[in-house]
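Below is one structure. I have some questions about it.
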Amino acid sequence: MTTENESSKTADLGYARVDLDRRRRCGFPEVIFGQGKTPEEVLGIGRVIVEREGLLLVSRAREEQFELFQREFSDAVWHARARCITVERRPWAKLDGEVAVVCAGTTDLLVAEEARVTLELFGNRVLRISDVGVAGIHRLLAVRDRIEACNVAVVVAGMEGALPSAVAGLVSKPVIAVPTSVGYGANFGGLAALLGMLNSCGSGVTVVNIDNGFGAAYAASTINRMLHEARAGRVSG
Amino acid sequence: MTTENESSKTADLGYARVDLDRRRRCGFPEVIFGQGKTPEEVLGIGRVIVEREGLLLVSRAREEQFELFQREFSDAVWHARARCITVERRPWAKLDGEVAVVCAGTTDLLVAEEARVTLELFGNRVLRISDVGVAGIHRLLAVRDRIEACNVAVVVAGMEGALPSAVAGLVSKPVIAVPTSVGYGANFGGLAALLGMLNSCGSGVTVVNIDNGFGAAYAASTINRMLHEARAGRVSG
Amino acid sequence: MTTENESSKTADLGYARVDLDRRRRCGFPEVIFGQGKTPEEVLGIGRVIVEREGLLLVSRAREEQFELFQREFSDAVWHARARCITVERRPWAKLDGEVAVVCAGTTDLLVAEEARVTLELFGNRVLRISDVGVAGIHRLLAVRDRIEACNVAVVVAGMEGALPSAVAGLVSKPVIAVPTSVGYGANFGGLAALLGMLNSCGSGVTVVNIDNGFGAAYAASTINRMLHEARAGRVSG
Amino acid sequence: MTTENESSKTADLGYARVDLDRRRRCGFPEVIFGQGKTPEEVLGIGRVIVEREGLLLVSRAREEQFELFQREFSDAVWHARARCITVERRPWAKLDGEVAVVCAGTTDLLVAEEARVTLELFGNRVLRISDVGVAGIHRLLAVRDRIEACNVAVVVAGMEGALPSAVAGLVSKPVIAVPTSVGYGANFGGLAALLGMLNSCGSGVTVVNIDNGFGAAYAASTINRMLHEARAGRVSG
Amino acid sequence: MTTENESSKTADLGYARVDLDRRRRCGFPEVIFGQGKTPEEVLGIGRVIVEREGLLLVSRAREEQFELFQREFSDAVWHARARCITVERRPWAKLDGEVAVVCAGTTDLLVAEEARVTLELFGNRVLRISDVGVAGIHRLLAVRDRIEACNVAVVVAGMEGALPSAVAGLVSKPVIAVPTSVGYGANFGGLAALLGMLNSCGSGVTVVNIDNGFGAAYAASTINRMLHEARAGRVSG
Amino acid sequence: MTTENESSKTADLGYARVDLDRRRRCGFPEVIFGQGKTPEEVLGIGRVIVEREGLLLVSRAREEQFELFQREFSDAVWHARARCITVERRPWAKLDGEVAVVCAGTTDLLVAEEARVTLELFGNRVLRISDVGVAGIHRLLAVRDRIEACNVAVVVAGMEGALPSAVAGLVSKPVIAVPTSVGYGANFGGLAALLGMLNSCGSGVTVVNIDNGFGAAYAASTINRMLHEARAGRVSG
Amino acid sequence: MTTENESSKTADLGYARVDLDRRRRCGFPEVIFGQGKTPEEVLGIGRVIVEREGLLLVSRAREEQFELFQREFSDAVWHARARCITVERRPWAKLDGEVAVVCAGTTDLLVAEEARVTLELFGNRVLRISDVGVAGIHRLLAVRDRIEACNVAVVVAGMEGALPSAVAGLVSKPVIAVPTSVGYGANFGGLAALLGMLNSCGSGVTVVNIDNGFGAAYAASTINRMLHEARAGRVSG
Amino acid sequence: MTTENESSKTADLGYARVDLDRRRRCGFPEVIFGQGKTPEEVLGIGRVIVEREGLLLVSRAREEQFELFQREFSDAVWHARARCITVERRPWAKLDGEVAVVCAGTTDLLVAEEARVTLELFGNRVLRISDVGVAGIHRLLAVRDRIEACNVAVVVAGMEGALPSAVAGLVSKPVIAVPTSVGYGANFGGLAALLGMLNSCGSGVTVVNIDNGFGAAYAASTINRMLHEARAGRVSG
C-alpha cells in the first residue's frame, strides 16, 4: 500500500520514498538506479513512476528485474547492452538539437549505449560516432564538423581517456567526458581515464563518474532542452 | 622574434606555440596557465594574445609574473585572491543570462573567485552565493529560487563536497561541481570532495578537477553563450 | 572439549578463545563475526555463548552456517537481508529510548538491516526511515522531528555519503554514520562515502567502517542504554 | 554591514552566512573553522557569534588571526598547542559527568589539546590520561577504572592506532577514536591510524577524521550533555 | 628432459630453472610457489626437488595440482586449510627451540596454518595460540609466558593488525608480523593490517606481505636454526 | 556493409572504424584488442584487416571469439596461454636481429607468451629465457652473454619487479620492462612490480602497462626492424 | 683515499662504490644521481668518473653541489633549468641520427631540458619541439614529418599525458613517454599523466618515471647509438 | 615532579608515562621517539631513562632538542646524519656476533646511520657496506662472504628496493629490509621500495617501515643478542 504525503510530493513505499516532485523541480522525473535492488522493489517503484509520469528509466538493471517487470508492463523494453529498462507511454516531445555520443573504442560501446538510451528517452536526437581514439587522429578530424553541428558532445573513452581533450580542442560546444573501466593493469578500473579527463588540457571539459553514461546523458539533455526552449522563446533567464 | 606559420594558426615563440585559431574553433581565445612558467614566458605569450584578441586571462599566476607584465601592460589587473591576471582591451559583449557561483564555505572563496573572474571576462553576469553548506540546509533553501533563475550553477565545495548533490536536487539547470582542497586529514587534498561529487546522487552533476574554478567557469560560459545565441536566433543546431 | 580457565574468563576451544568476561567489562556479550569461519566453528563458539548468555548474534553469517546451527538450536533465526543469525533465550529488557536508523537509498537497506537486527537484540526500539537522500532534501525535512525525538541516529549512506552531514545539521542528537559500498566507478567500494563522512561539515559526526551496520548499532546501543540507566537513576558517573 | 534574514536565522556577511539557529537545532552554537580564512573574516564572523552566544570557539586558528581578534576582544584566549581561540562571556553550566581524553603517546598531545579545549568550553569536565599506548599495556590496565568512571572516552592515537581497540575491550562506555598524523613513512599522514581504527576489533568504536580533536569532543559533549539532562529528568526520549 | 648446467647449480626445465644450489647458499632448499603454475609445471619442478632434497613444499597450491602430484608421489600430503603440498622423504632433524604462532582471531587460522606447515617441515616445533586479539587483552596476558618461552613469535592478525604491537611490548623475542586479508570495507584486502604493523609502536616488529604465512615461517625458521646451532657450538659468527 | 572513406584510410563498420592507414604511418597494421568485444565484432574487424594486410593479431582474446573466427578463417591459430588469435597469410620477412624475452618466474610465462607471439608475427626471432629472478642471481649471470647478443631485451617480472634493473646493469641493449600481476597481498595486482620498474636504479629501463606483453613486443619490434633496415642501408635518419 | 678493487671494476670511497666497469657492460659511464648527496660526496664521486671517463653527468643536482664542484673543475657547466652538472673533457663522437624531444606544454620544459642535456652529452643531436599538446592537434600535425625524420621520439607531457598516444599514432619510430608532475589537484604529482601513458592506446609507447627526463634520454640514446653503429656496419646482432 | 607508581613500573610525568619495566620485559630500555616532542619533553623523559638505565637513545631528534639536552647532559652525543641523541653512561657489554648494514646507494646513508647508531648503542658490532645496488651486481657478489659471516643483515634501499631480494638469495642469515624514501615521482615517498620488499621473491625477507633504520636495528639486535646468549649457554629456549 502506498501512502502519498507531504502535499503529494513523495510516495512512501517503506523501502523507498519516491520523489514525485522531481520533474517540477529538476525538469526530469525520477530514474531508478537498479543496482542492489530486488526485482520486487524495482517493480514497486516503477509502478508509481509509470503511473505518474508515463515514462520510466531503470539504469544498471539486471535481466531478472526486467523479467518481473514485463509481466506487469508488457510494453517495457530491455536494452541488453545498455542494461536499461524503459517504458514510454507518454513520450517526450523531440527536441530540435542533436547530441553527439562519441566513443574512443569499440569496447566503450556499453557505456555509450547507456547514454544513448537515456538521451533518446528524454527526447534528444543522438549522433553516434564510434572508434575515433587519438591513436588515429585522422579519424576524429574527419568527423569534427558533424560533432560541431551538435549542441553537446558526450565523449566516452577508456584506457588513457585522451579523447575529450582532443574533441574539446576542435569544437566550441560543451564536452561531457565519461571515463570507462575498459583497460587492464594500471588502468585500475577506469581510474586512469578518470584522472586523465579531470586533468584535461582541453578547456571546459567536465567529467562524470566512471561508466556513468546515464549521468552524462542527463547533463547533456538538460543543456539541449534549455537550448530548445531558448530558441522557442520560452526562457527568460 | 615570433614566427607565424601554419596559415597563421600558431605563433611559435620557441618555448610556446600560441594557438591563434582557438577562438574560431572553440569560441574562446587561448588562456595562459601561469603555473610553472617564468614571468618572461608569461609576458611573451601574453603579448601575442593581447595583440590578437584584445583580451587576456592568466590563471594560476604568481605576483612576480604580474609585476613584469604590468610594466608593459599598465591596464593589466591583478586579482589577488583568484591568482589571475586579466587584460580587457576589447571586452566581450555581455550575455543575457546569469551564472550562479555557489560556495559551501568561506574557505572555498579562492576557487570561487577564479571562477568569477573567468566568467566575467568571458561576458557573463555572475550571482555570488557564499557559505550555504549542507550542514545548515535552510541557508540553501532560502536562495534556491535565485539559483534556479540563473542559466548554470557552478557549485564550489571542499570537505565532503555534498553541496552539488543538494543543489542538483533543487534546480533544473546544469550543475558544474568544483571540489576544493579545503580540509585536512582524510580529505587528501580535495580527493574526498572530488569522489563525493563524482558519486553524487544528484542526477546530471558534472565535475572538474580539484580547485579548477577556471574550468568550471569555461564550461558554464560555453553553455550560457549558446543560450544567449539561441535566444537571439543565431544558432540553428 | 572446552576448557574454562583464567578464573573462568575465557573458554578455550582451540580454534577460538571465547571471552566470557566481556559482558561484565563492556556491557554486551561477545558477538561472533561469521566471515571466514567454518559452520562448525560458528556452532562451537555459539554453543558456549548461548549457554552462558542466553543471547547470540552472528554477524556476516552465511546460510550454510545457519543450516548447521539450527539443527542444534531450533529457535535460531536467520535474517537473510542482514546476513545475521540470532538466538534470544533470555531477551534483554527493552530500553526506553528509540534509535533512528536512517537510510539514504533503497540499496543501503542491507546494511541498515544489520544495524536494526543488532539494535533490537540489544533491547533498543528502532525507528526506520528509508530513502531520504540529499538529492530530494524535502524528504529529510519531513522526518526531521521524528529523528530528533530519538536518542541516537544511525545514518546509512552510499555514493557520496552526504546524508549524515545534513542530518547532523538538523538534530541535536549523536549521529553515527555508516558508509556503504553501494555505487560504482570512483566509489571504490565505499571509499567515496567513507571519506565524505569523515570530512563531514556537520559537527560531531562519528563514523564506522564501510558496511559496518553492526558497529554503528553497538555504539548507538551503548549510548541509549546509558541514557536509560541515567533516567532510571542507576548511574553516578 | 550585516543583514539578518530568513526570520533571523542567518547573518549574511557576504563572505559568510552565520548560522544563528544552530544552537536551537543542534544544541551548540556555530564554531569557526579557522583554516583558510583571513583574520578579518574570522573577526567578522566571531563578532556575530560572541554577541549572540557569549561563547566562541575558533579551531585550526593561526596566531595572526588571534592577534587581530584580541584587539577587539581582550578577553579572548589563545590555546597555542591546540591552535584554538576561545571567548567565554556567558560560560556554559558545568555538566555532571566527566569525559576521558586518552592519548597513546606524548606526540599526540596537540590533537588531544584541541579536544580538551572544546570539551571544557562546552561545559564538560575532562580527565586527561597520556602515553598509554599498547606497547606497554600495563600502563593502560592501571588506568582502566578511571576511564570506566567517565561517561565517554575520546581516544587519540597515531602510528598504528591500536589504542581504541584495547580501550573498547576494557570499558563499557562509548569510545570515540581520533587518528593522528603522528608517524612517518607508511603512516601516510595518519592513514594507517585511521584505517586501524575503522577496522577495530573492539566493538562499537566510532571514528572521526585524522587530527580532528574538535569533532570527537563535539560528539562526546553531545552524549555527556544528554546524560546530564537524563539524570536531571529533563529528557523524555 | 632436464639439463643440469652451470656446474650443476640449476636444472633447466624450459619453463623453470630450478635453483639446486639454494640450500648451500641460503640454508633451505627451493620452495615452489604454486599460484599461476599448471599442475604439470608443479609436478616437473617438484620431481627435481624431491629427488635432490628429499623434502618439498608447494605453497599457494590448488587441489588439482595435488591430485596430479600424488599420482607420482603417493606420500605427498595435502594441507587443505594451509593450501600446501608437502613431501618429507628425508625429514629435517628437529630443532631444540620452539616457535610461537599467535593468532588474533579464528579467521586468521588459514594463514597461521601456512606458517605452521612451513615451520614443521623445516624442523621447528610449533606452539599454536589462537584468538588472543587486543579487544580482550586478558587473553593475551594469560599466555604471555608461554610466548616468551619460545625463540621467535610469528604473530598473525587481520582487521587493524594491533596484536604484534601488544606482543612486542610483552616479550623479549623477535616478533614477525603477518597481516591477513581478513576484514571488509576500509580493510582494503589487508592493507589496514599491513599499515598498522609497519607503524607498530612496539619496537623491533618486522613485517611480511599480506597473508604470507610462509615468509614469516621461513624467517622464523632461519633464526631458530641459528640459535640451535649456536647452542650446539656449531657457529663462530 | 563496409564503407571505405577518408581517401580509403578507414573502414567504418558502425561499431568500429578500422585504421587502414596505420601500416603506412606507424610501420605495423592495426591490432585488435579483444577484451570487451563480441565475437561478431572481432570477426568483422578481423575480416577487414586480413583482407587488407594478410596478417592479423587479436590480443586479450577469448576462446569463444576464436571459435567464431575459425569458422571463416580456418588457418587462424589460437595461442591459448598468450590468449591471442593470429592469421598469417602474407607473413613478414624475418628480421636479422634477435629479441630476448626474459622471465623472472614460471608464473610470468603467460605475459611472456603474449610478447613472443607478437614478436614472431612481426618478423622477429625470439630468444626465450625463463625463471632467472634476482633471488638466484647466478642464473641470470649464466645467460648474460646470450641476452647481450640480442638487439633488445623484453624483461617480464611480477612480485617486486627487480629483474629489469639487474638486466639493465649487465647489458648495453634497450631493456623494456613488463610488470606482471603475479603475486598477492601488497602486490596490488602488479602495482608493486610496476612501481619497482619505474623506479629502477638501472639506467634507461622503459616500462609498459601491467601484463602488457603486446606493448613491449611492439616497441621491441620497432627497434629491431629499424636496426635491420639500418644494417641493410635502407634508412637515412 | 680511494681503493680500486675487484680487478679495478669499482672504486670504493666508503660512502660510494663507483662502478668503473659500467661503460664496458652498458655502453655509458656511470651517472651521478645528485639528490640526497652532500656536495662533498658529489665531488668525490665525480672526481673518479671525470678522471676515468673524461665525461660526467650529475642529474638532480643542487646549485651548492655545483659551486663546490667548479672550484676543482673550472670547466664544469651548470644547466640551471635541467638541474644538471656536466663535464666534457673527452666528448663523445656525434651520432648520425637525431632524437626528437617533444613537449606538450611550456611548463614541461624543465624535464625536457634534462632529457636534452643528457642526450647531447651522450653524442646525440636533438630536435626540440615545444607546446604541441592535443588540445590544439593542428600544432602536432604540422610537425609530424620532422618527428618521423628522427630515430626516436622522447615525448614529455604533464596533466593528462595524452601526447605520446597521439605521436605514436602518427610516426613509425619508438616513442618514449615522460610524464611530468605539471598540474594540480587530481594530477597527484604526475600520477594522472603516468597512468595515462601506461594505458596509452598508441601501440608500443614505453614509459619512464615521473619527471625522469634523464631515463628517457638514456634509453633513446641507447637506440640511437645502436642505429648509428648498425649503419656503420659495426654490429652483427 | 615525577610520580613512580604501579609497583615502580612507570614514571608519570603528566605528558608522558615512562615505561620503567620495559628492559625486564623486552630486553632493551625505552627509546624516545623525538618527532613531535618539545625539547623540554625530551629532556624530561630522557632524565628518567638516563638515571634508571644509564643509556639513552632519542631517535628522529632535532638539533634544538639536543641543544637543551646537552646543557644538563654534557656527555650526550649528537649524531647529525642519523638525527639521534645518545647517552652511554653504563655501556652495554659488546656482543660476539656482527650485524651487517648494507646500503643500495649513497643516498640511503641517512637511514643506514640511524641503524648503525642504534646497533652500536645496544652492544652490536657493525659491518658497513655501502652502494651495492643491483644495477651493478658484481659489487654485491664481491662482498657476499662478508655479509654471510655476520649474524644478521640489515639491508637499506630506496628506489625499487630490490637489494634485499638479491641479498636473501645469496646468504643464509636473516635479512631485515628497510625501504627508504629516496627517489622521486612514482616512488611516492618510499612506497615503491616498501612494496618491492614486501613482495620480495627472496624467501624470508622481513620488512620495517619506510626510513625506519631504528626498527630494523632493534630487531637485528634482538636476534644477535639471543645468539650471543645461546653460545654462552645462557638460554634454554
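Order of writing sets the chain letters: A, B, C, D, E, F, G and H. Residues in each chain are counted from 1.
As a working rule, contacts are C-beta pairs under 8 Å (C-beta built on N, C-alpha and C of every residue); 3 or more make two chains touch, one makes a residue touch a chain.
All of these numbers come straight from a predicted model, not from anything done at the bench.
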- Partner chains that chain G and chain H have in common: F
- Message: If each step moves to a chain the current one touches, what is the fewest number of steps from chain C to chain G?
- Response: 2
- Query: Does D-H or A-G have more contacting C-beta pairs?
  - Reply: A-G
- Query: Measuring between mean CA coordinates, which chain is farthest from chain B?
  - Reply: E
- Message: Out of C-D, B-C or D-H, find the interface that copies G-H, where copy means more than half of the contact pairs are identical.
- Response: D-H
- Message: Do chain E and chain H, two copies of one chain sequence, contact each other through the same residue numbers, with over half in common, or through different ones?
- Response: same
- Measuring from the mean C-alpha position of chain A to the mean C-alpha position of chain H, what distance in angstrom results? 57
- Distance between chain centroids, defined by C-alpha means - chain B, chain G (Å): 37
- Message: Suppose each chain is reduced to the average of its Cα coordinates; what separation in Å results between chain F and chain H?
- Response: 45
- Item | chain C and chain F: spacing of chain centres that average the CA atoms, whole Å | 52
- Task: Enumerate the residues of chain D that touch no fewer than two other chains.
- Result: 22, 105, 135-136, 168-170, 185-187, 191, 194, 198-199, 203, 209-210
- Query: Quick one: do these chains touch in a line, a ring, a star, all-to-all (complete), or other?
  - Reply: other
- Message: If we use the touch criterion from the header, which chain pairs count as touching?
- Response: A-B, A-C, A-F, A-G, B-C, B-D, B-G, C-D, C-E, D-E, D-H, E-F, E-H, F-G, F-H, G-H
- Mind pulling up the chain B residues that touch chain A in the complex? 22, 25-28, 31, 96-98, 149-151, 168-174, 176, 194, 198-199, 203-210, 214-216, 218-219, 221-223, 226-227, 230-231, 233, 235, 237
- Would you tell me which residues of chain H are touching chain D in their complex? 5-6, 9-10, 14-17, 19, 21-22, 33, 35-37, 41, 45, 60, 179, 181, 189-191, 194, 209-212
- Message: Going by the contact rule set out above, which residues of chain B touch chain C in the complex?
- Response: 104-105, 133-137, 141, 159-162, 165-166, 168-170, 183, 185-188, 191-193, 195-203
- Query: Once bound in the complex, which stretches of chain F touch chain E?
  - Reply: 105-107, 109-110, 130-132, 135-136, 138-139, 142, 182, 184-187
